[in-house]
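Structures for review follow.
Heads up, the next two complexes both have chain A, just with different partners, chain B and then chain C.
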Partner chain A sequence: MTTAPLGLTKAPAPGLANPVHDAQCIFKAAMNALARPGTLQTLHVTNLTAPHPLPRTMAALALALLDYDTPVYLDTPLAKSRDVVDYLRFHTGAPVVDMQADAAFALISTPEKMPPLSGFNVGTDEYPDRSTTLIMAAETLTNEAGPLLSGPGIKTTTQLNAAPLAPGFWHQMSANQTLYPLGVDVLFASVDQIAGLPRSTTISLKEA
Partner chain B sequence: MTGQDTDMFSEHYNFAYLDEQTKRMIRRAILKAIAVPGYQVPFASREMPMPYGWGTGGVQVTAAVIGSDDVLKMIDQGSDDTTNAVALRGFFIKTTGVKATTKTSQATIIQTRHRIPEEPLTENQTLVYQVPIPEPLRKLEPRETETRKMHALEEYGLMHVKLYEDIAKYGEIATTYAYPVLVNDRYVMDPSPIPKFDNPKMHEMAALQLFGAGREKRIYAVPPYTKVESLDFQDYPFEIQRFEEPCALCGAENVYLDEVILDDKGGRMYVCSDSDYCEERREQGHLGHMAANPIAEPENSGPRA
Partner chain C sequence: MSADTQTSLSPELETRRAAMALLANAPEETLKAAWDALDTPPAHTVIRQPETGLVMVRGRAGGTGAPFNLCEATVTRCVVALDTGETGFGQSLGRSKAKALYSAIFDALLQTKDWSEYVETHVLQPLNTATQAAEHQTREEVAATKVDFFTMVRGD
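Right after this comes the complex of A and B.
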């Protein structure tokens, strides 16, 4: 994968209308999503225009969380888009990296074709926080089907289903949990909702 | 999304004092802390316009989390009107313009120094603790490199030895505050210097708990409904403090009480440490045995002719 050379050919789309308060709202939704895994947190970012193919909610999360301290991995459709790369570079200053393992954040616009989760950074025994947080696009997010989730932040159990997903995603996520306290954390972003799936969440896959 | 109307407070400071890059850095640390309950995430703590030890960690966490529609409650040892609480509440009113309250039930963010409110917290609340020494193993092992390794290897034998030595010396576990807890069956965590009376409240609390240590540059968290176990032994189970008498003002039992010395003849009274809880109970008509109006006492009844 090659990223576009520096230098803008056209003005990037505008960022958050109100950088202070919008970023706080977006962060709060992300915080609640990870603190209460599986719950759907409403996030209205209708005033944000993100360049295609970067979904608006993902763009909002990126603008609220990324900066020059956070190397970011983009999946192929995003990395191929000059507009997206310029937009993220201009607004966040985050270095775009080619290696999954180097990334503090990963933006996945096409989860059905995403690279295996095991390629991302899971942190180290002494610094489990030095891991990748994945921000994944979802067309639909529901609590009505999907694997059973339990663990910190969940009173008893809950269900979360996101679509589309790679066929082995839930198995990979379940393997990710066995690494605890190491592992990656996932934020799903649909058009107006986000949901969190931190490494601490136990995933039980129903037997087919 | 909120509008511009709250920006009138940010004429001199950015909303909530911190610059946006600092807030992003703290916010990322908070997200990691939530994902690994009890693990201390290092963060680039900033100089704040108050000395270390005044709650710079808690203030930075609150500043990163707070929004213009939040309602803030600030307590110091359970009380809304002690120096630390008043100073920090003033700081946030000035830099954010948010509403402040003393009512536990009305607050969305409660920043606390060394107490958990008596009233159970709810799902839409966040409790922010001010933490002096985040490392529970620090007094047993001074080197950060070693304690970090001990956490990585889940090697907490030293802590149990310390608790055992208490039993050998005093016949009981003598730790009464900052009593170590095991979070989500993995990390031993310092609950900040809350009395051990409050430890059971942390277990499966409905509210999100965030901890900030400014001088030591650590943030950690306990998500809602997370297992928080106080360390103990089968034959010496964990016990909370018990009080002989109820609150002298509101008659509350099973709450944490402060001892107030009344004179130099041994006179004393025990009152709720949670001032809001005590006031609310008195408003509801609960009266303790010393709750008489002091003005009504004959020796206080106004100037004498």
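Right after this comes the complex of A and C.
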């Protein structure tokens, strides 16, 4: 006699092959990305299979950073995908929220259509750490062009260019910096690299 | 692991629950031997690698009182998917990752048409027999040392 499957009709994609070690490597890359804004950190996660349309690097960051304590906001293409929602819920247990302001993390797969940054949680004066960290997909991520960055963690200045982005993104990010110590933090994730843009970084829009 | 087991389940789920309970209580060596005995081990993917954590065990005084937190117990869990699509869950007390993995695979195999009979006869039934024999032996040993206390009426 065969037994019945539970509610799970389709198995989610496998998680990290070596959960402790892999998650630590990913966390270290994310930590270094935010400690040294603009630097490109390489993630070695080629063996991870993420459900479409969630990019692999974003999936890796999500598996390492999310847990049941961190409400996560998904942009429209991700939220519409049953596979992605099931995958994140199964592996991380993070509650998926509709309101950007409720989110501790936001996964943005199509940055060119993302909602304004001002809609996300910037934290409170008592707890500036309770803000949203955005994880944004990037097709290209380079240090070759783009706005000049300076501030803590950057020796002189550096440049960071991510594409695609929403038209007013850099202006919004610049406005975000003026809220310091409040504000959101951003992690860009390309195919195999990540870069951080914390709220403390000053953005100069005049290209060098 | 909820203390509430009042919910009525379909017969298939009841069977599965019983099978999972047997697998969870089985010795690791037995499950390993059963797995090694398979001529053509079915292809599978580990969805959630075996991981060890704590669960809160809750109890009710006398079985009917208000639930209270009794203690934490070490539990290892694992989830696998067969290449044919069935998903199997394994959970057991203790830290043996191999046991959780074998339990999950056998749970998945039980849901397939090709394997369920084999697992039923070659894994579950022997386990069931062994468990019952062990319980019977314990009962006999306990019964042999049974002491009746009685009090003489004093005075009068």
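Note that the second predicted complex is superposed on the first by the 198 of 208 C-alpha atoms of A that agree within 3 Å, B and C clash if a C-alpha of one lies under 4 Å from a C-alpha of the other, contacts with A are read in each partner's own complex, and residues count from 1 in each chain.
We adopt the following convention: a residue touches a chain if its C-beta (ideal position, glycine included) is under 8 Å from a C-beta of that chain, and two chains touch if they have at least 3 such contacts.
What you are looking at is a predicted structure, and each value in this text was computed from that prediction instead of being measured.
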First, second, both or neither for A:91, with chain B first and chain C second: second
So in the superposed three-chain picture, is A:145 touching just chain B, just chain C, both, or none of them (first/second/both/neither)? neither
Of the two partner chains, chain B (first) and chain C (second), which one does A:11 touch, if any: first, second, both, or neither? second
One more residue to check, A:19. First (chain B), second (chain C), both or neither? both
Check whether A:205 is in contact with chain B, with chain C, with both or with neither, and answer first, second, both or neither. neither
Check whether chain B or chain C contacts more residues of chain A in the superposed model. B
Could you look at A:36 and tell me whether it touches chain B, chain C, both or neither (first, second, both, neither)? first
Those residues of chain A which chain B touches in one complex and chain C touches in the other: 17-19
Where on chain A is chain C touching in the complex? 1-6, 8, 10-19, 90-91
Listed in rising order, the residues of chain C that touch chain A in the complex are 10, 12-13, 15-16, 19, 45-49, 51, 79, 81, 85-87, 89, 107, 110-113, 116, 120
In the complex, chain A residues that touch chain B: 17-25, 27-28, 30-32, 34-36, 44-45, 47, 64-67, 69-70, 104, 125-129, 131, 133, 151-155, 180-181, 185, 198-200
Within the complex, chain A is touched by chain B residues 1-4, 6-7, 10, 14-15, 20-21, 23-25, 27-37, 39, 41-42, 64-68, 123, 148-149, 151-153, 184, 186-187, 204, 208, 221-227
